[in-house]
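Below are structures written as structure tokens.
Okay, so chain A shows up in both of these, paired with chain B first and chain C after.
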Partner chain A sequence: MNLTVDYPWVLFALVLSFLPLFNNGVSHSRYPSIDIIPADTFSIFFSALIKVIAMAAITCLVLALAGLNRGKQSQERIGYGAHIVLLLDRSKSMDYTYAGKAPDGSEESKASAAKRLLIDFINKRQHDRIGVAGYSTSPLFFMPLTENKQAALAAVSATDLPALAYTNISKGLTMGLSFFQQQSSQTGSRIILMVSDGAAVVDPESEATIRRWAKQLNIRLYWIFMRSENSPGLYEKPEDPRDDNAGAMPERYLHLFFTSLGIPYKAYQAENPDAVQQAINDINKLENMPLHYVEKIPKQDLSTQCYLLATFFISLLLAFKLAEARP
Partner chain B sequence: MNLQNLKDYRFYCLSIALLAMLALFIKPQIIKSQPVYNFTFIVDITRSMNARDYQLKEKSVTRLQFVKQALNELVLKLPCQSKVGLGIFTERNSTLLFEPIEVCSSYTEIDSVIDSIDWRMAWAADSRISKGIASTITQLQGSGSHIVFLTDGQEAPPVNPRYKTDFSDVKGKVKGLLVGVGGLQNVPIPKYNHQGQQKGFYKQDDVPHRSTFGMAPTSSVPVEGYNARNAPFGSAKVSGDQHLTRLYEPYLEQLSKEIDWSYHRLESSELLNTALQAAVFAKKQSVLTDFRPYFAVFTLMLLGLVYFPRLNK
Partner chain C sequence: MEDNIFHYRKPEQSNVFPGAHAGKSVGNGLLFKHHKPLMSAPDPRHIDLRASLLNPFSHYQVKSFQQQSRVDVYLVADLSASMGYQGNDSKQQALVDCLISVAKSAHATGDRFGFVGCGQAIDRQLLLSPANLQKGRVNEIAKRIETATFTGQAESLLQAADYLPNSSSLVFLLSDFYMPVKMIQQQMQRLNKHTVIPLVLWDKQESRDLPNWGVVKLADMEQGKTRTLWMRPALKNKINAAFKQRKQQVQHCFRSFGSEPLFMEQGYRAEAISQYFLQLAG
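Right, the complex of A and B next:
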């Protein structure tokens, strides 16, 4: 139990509760001499009782006005969830459909398909902390890791507006990893869920950073590769061995790079929105590891209880008033 | 029960107090109408925003740092239930970082995204402000959010007067505020290398000082060295002050007229706050407010009357 008030200055009004000590509110009647009245324990008891009840009534009202509440509490629980950074491709090609055309109404663009499915995913993940980052030519910070689902949804919803420029995957990944760098302690699994429709060459400088951080930070990586028609897949080997290089086949080489990181990694090659849905469902199932998380219990308002008590006391006082004896 | 007691004023006070308490439970809330706001802030992150011509706590800071500080303070000042979205501008268009969310429940998140805005988020290098404003309005029309566009107004490279942005399609579609950032004196623009370390400032030879894009402006007087194919803009070397930066206030004022917005120069978050919490942007929303304290205070006064110490014994 940890009681707090919203407006501490109101508590000064508690001074009012001393008033009944000086006056029990009973009407006086003139009497020739009070000395001849014998001391009556019963009367003294009632006089004191009235004072106590009146003080209690005033105290209850003041506490209610001050906004008495059981303060914010947090409780550590074990649940199922994870820390997830959604890393979204914001390159121009995401604005096209899987067939590589501008969306004409019959088929949605890859970006809006991804947005729709990810919103669904966020709504399903009750206990996760979710962060959102994106990349195009440069990395973009959308939303830090947060329990606030509305905030994460607002960031994901903003991603199907016209896309930007090129695909600079290494900068994006570094940005995604940096979300976990700021975390001091690790509870639950740390996941980067990358959604992209293409890849790019990872420059050597970023490569070293990504290798180091991914290991250090205990990352689990998922890559949903939204493969467009006629684009090379993750597992394809070129016919001409001279084409077997990162410049010609960035998707294949990025996949090889991820595999070589030595961290849990899984790639999904999705050729249509249903396949993306399946991949997301799969991740949803996989990432239900027990997780320590702190549940915040919002403050509980106690003013109603105070008002009820005050009402009860006031009705008692009124009853006493009516029962007063008169000469 | 003694009927004599009905004549006691304290009886009336206590009865009214009890009635007030009953009324408190019958009508605990009333509907009040309160102005709320919905803004999408678009922050210019082009290079000229790195120029240092603002002061914060007696230290010179970049325009971008000052804008971030002002926005952080501003979000705190907006009434609850207001919504704030954030986007960045560079090149010819802007991108949203997140759609408008309620300020009071998401203050920490908004705060940390504002902090993370960086000139290195720019996906391309041009600074086509008028085009950017037009495309932002097109993107956000129908979202119900008012646009607050923060920029220093320096178009880079300079605009060819032949190809001015046509605002007729977007004029009046979305209400907004154009916020001018920077000082009126020219200051140098810091130059950064690949690793993000500052390497001096932009020099006169680093930037174009006039537009050489498209067709040359027509004029009856042929420009020096004019050649229709090889030198349509003439051959004279043009040098100007485009490597320096200042707040292009007249230009922004003129732009804001063209799109029916108002213009405000950023000096402090307080002034920006007054400019934003204006009737034009306010939307009256009825919110339920707790009415119980009024009853409770009334009851307290009555109880005070009943138990007030007797002065004449």
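Right, the complex of A and C next:
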């Protein structure tokens, strides 16, 4: 509990809550000598009760006026799950179907298939913190790591808008890694789930950064490669050794690069939506480590509760007032 | 206002002035007391020839009679704040009624009347002492009391005895007697040479007529204290029992000084005092 008030100066009015100690508000009648009246425990208790209720009512009112709230606070939570950064390819090719055509209604585009499946995935992973990033010509920042599922779902839903031009995978990866850099301590596993349908050459400069960060930040990398028909696979070796270079076969070389990072890495070559589903199920099973994170709870206004309490107390007092015997 | 008058008597009167009460002094009267030699009672009108002849020393015998004597009647009234209580009947009004009634009765009987009003201090304006036969000031004091607002406790009640004569008088002591019993005892000790008639002015509103249910806050008129009570039949019974006990306490206290208190719970009524004296005689 971390209670704060909006207007601390109003709290000076709390002094008023001592008023009922001097007068309990029951209208009095004159009496010659109360010493003869025998002591009555119930009446003494009742008299004290009226005073306490009246003091509570005034206190509640003052606190409500002062704008009592439960200040913004953070709560430590432990769950089973992971920090997952979804890194989505937003290149033009994602807007096509697996067959490499523009979607005509009978087949969905890779982007919308990925979106649908990722939404499923997010819904299943209740305790994860999920961040969303994308990349195209340059990296796109969607959503930082958050435990708020609604926000993550909204970010993923936004990804099937018409995409941009190229695939700049190294910049995207750097951004995905940078999500974890803001975290001070590691709890749970850190996962980058990359969804793309193609690859690109990783330039040497980024390569060094990615290698360093991936090691440093203890990342697990999953790559769902949405392979279009007739495009080269991850494991294919070119028939002609002359074609065996990064420029001609970026997918193969990116896969080799990831393997060489020295981090847990798994690639899924998905040729249709069911294969993507398979990949996601795998991740679902694998990544369930204890996760320790701090949840931020926004400040909560308590003045309504205070007013309600005050109303309750005042109505009690009113009932007592109405129960007064008038001569 | 004939009905305002009550009849009273005081036994063992020794006042030399003739009046309406049977007394100890010998003089002119109707009640034969004894024979006296002519030498000691030189009143030849009352020579009893038969008794003179029967006297072995042949002395003239004179009949002597018991003389009816006059009594000083005092009203000592408690003028503390609690006497301003307004219940079913106003105690202040009862006080005024009592004052006028006692004064009238005293005058009707031919006795002298005095009044001592005891508030926090004895107010000279509310003092009629020594007792006299004039009626004028009584009305003035009555008017003054009627409009007065009583405050404080009757601390001067103990000094009232200083304003009473040395000879035995008939003292009506009017109060609600809510003071500690010890104070009543002190008061009675100071008044011991007088015949004291305690008039206890209570009101049913104080006990029996309290509400059965509900919240009441009673503010003490003298001490400024308040008590909040959650009235219910059980508590009311308790209060009634407490008042009954208080009545016994007061009665016991007065009886130990040889006077019977007269409880008046419905304002002042002169008949009640008449009846009181009749019962006392019977």
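Quick note on the criterion: the second predicted complex is superposed on the first by the 214 of 327 C-alpha atoms of A that agree within 3 Å, B and C clash if a C-alpha of one lies under 4 Å from a C-alpha of the other, contacts with A are read in each partner's own complex, and residues count from 1 in each chain.
As a working rule, a residue touches a chain if its C-beta (ideal position, glycine included) is under 8 Å from a C-beta of that chain, and two chains touch if they have at least 3 such contacts.
Since this is a predicted model, take the numbers as computed values, not measurements.
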| item | value |
| --- | --- |
| Partner chain(s) touched by A:35 [first = chain B, second = chain C, both, neither] | second |
| Contacts of A:65 with chain B and chain C, given as first, second, both or neither | first |
| First (chain B), second (chain C), both or neither touched by A:277 | neither |
| Partner chain in contact with A:150 - chain B first, chain C second, else both or neither | first |
| Which of chain B and chain C A:43 touches, first, second, both or neither | second |
| First, second, both or neither for A:325, with chain B first and chain C second | both |
| Partner with the higher number of touched chain A residues, chain C or chain B | B |
| Which superposed partner A:305 touches (first chain B, second chain C, both, neither) | neither |
| Touching partner for A:228 - first (chain B), second (chain C), both, neither | neither |
| Partner chain(s) touched by A:20 [first = chain B, second = chain C, both, neither] | first |
| Common ground on chain A, meaning residues reached by chain C in one complex and by chain B in the other | 24, 27-28, 323-326 |
| Footprint of chain B on chain A - complex, ascending | 13, 16, 19-20, 22-25, 27-28, 54, 57-58, 61-62, 64-65, 90, 132, 136-144, 146, 148, 150-151, 154-155, 157-158, 161-162, 164-166, 303, 307, 310-311, 314-315, 317-318, 321-326 |
| Residue ranges of chain C touching chain A (in the complex, touch as defined) | 82-83, 85-86, 91, 176, 178, 205-206, 211, 213-223, 225-231, 235, 238-239, 241-243, 246 |
| Touching residues (chain side chain B, partner chain A) in the complex | 1-2, 4-5, 8, 10-11, 14-15, 17-18, 21-22, 24-25, 85, 87-88, 93, 95-102, 105-106, 108-110, 112-113, 116-118, 120-124, 135, 139, 292-293, 296-297, 299-300, 303-304, 306-310 |
| Residues of chain A that touch chain C when the two form their complex | 24, 26-38, 40, 42-43, 46-47, 50, 320, 323-327 |
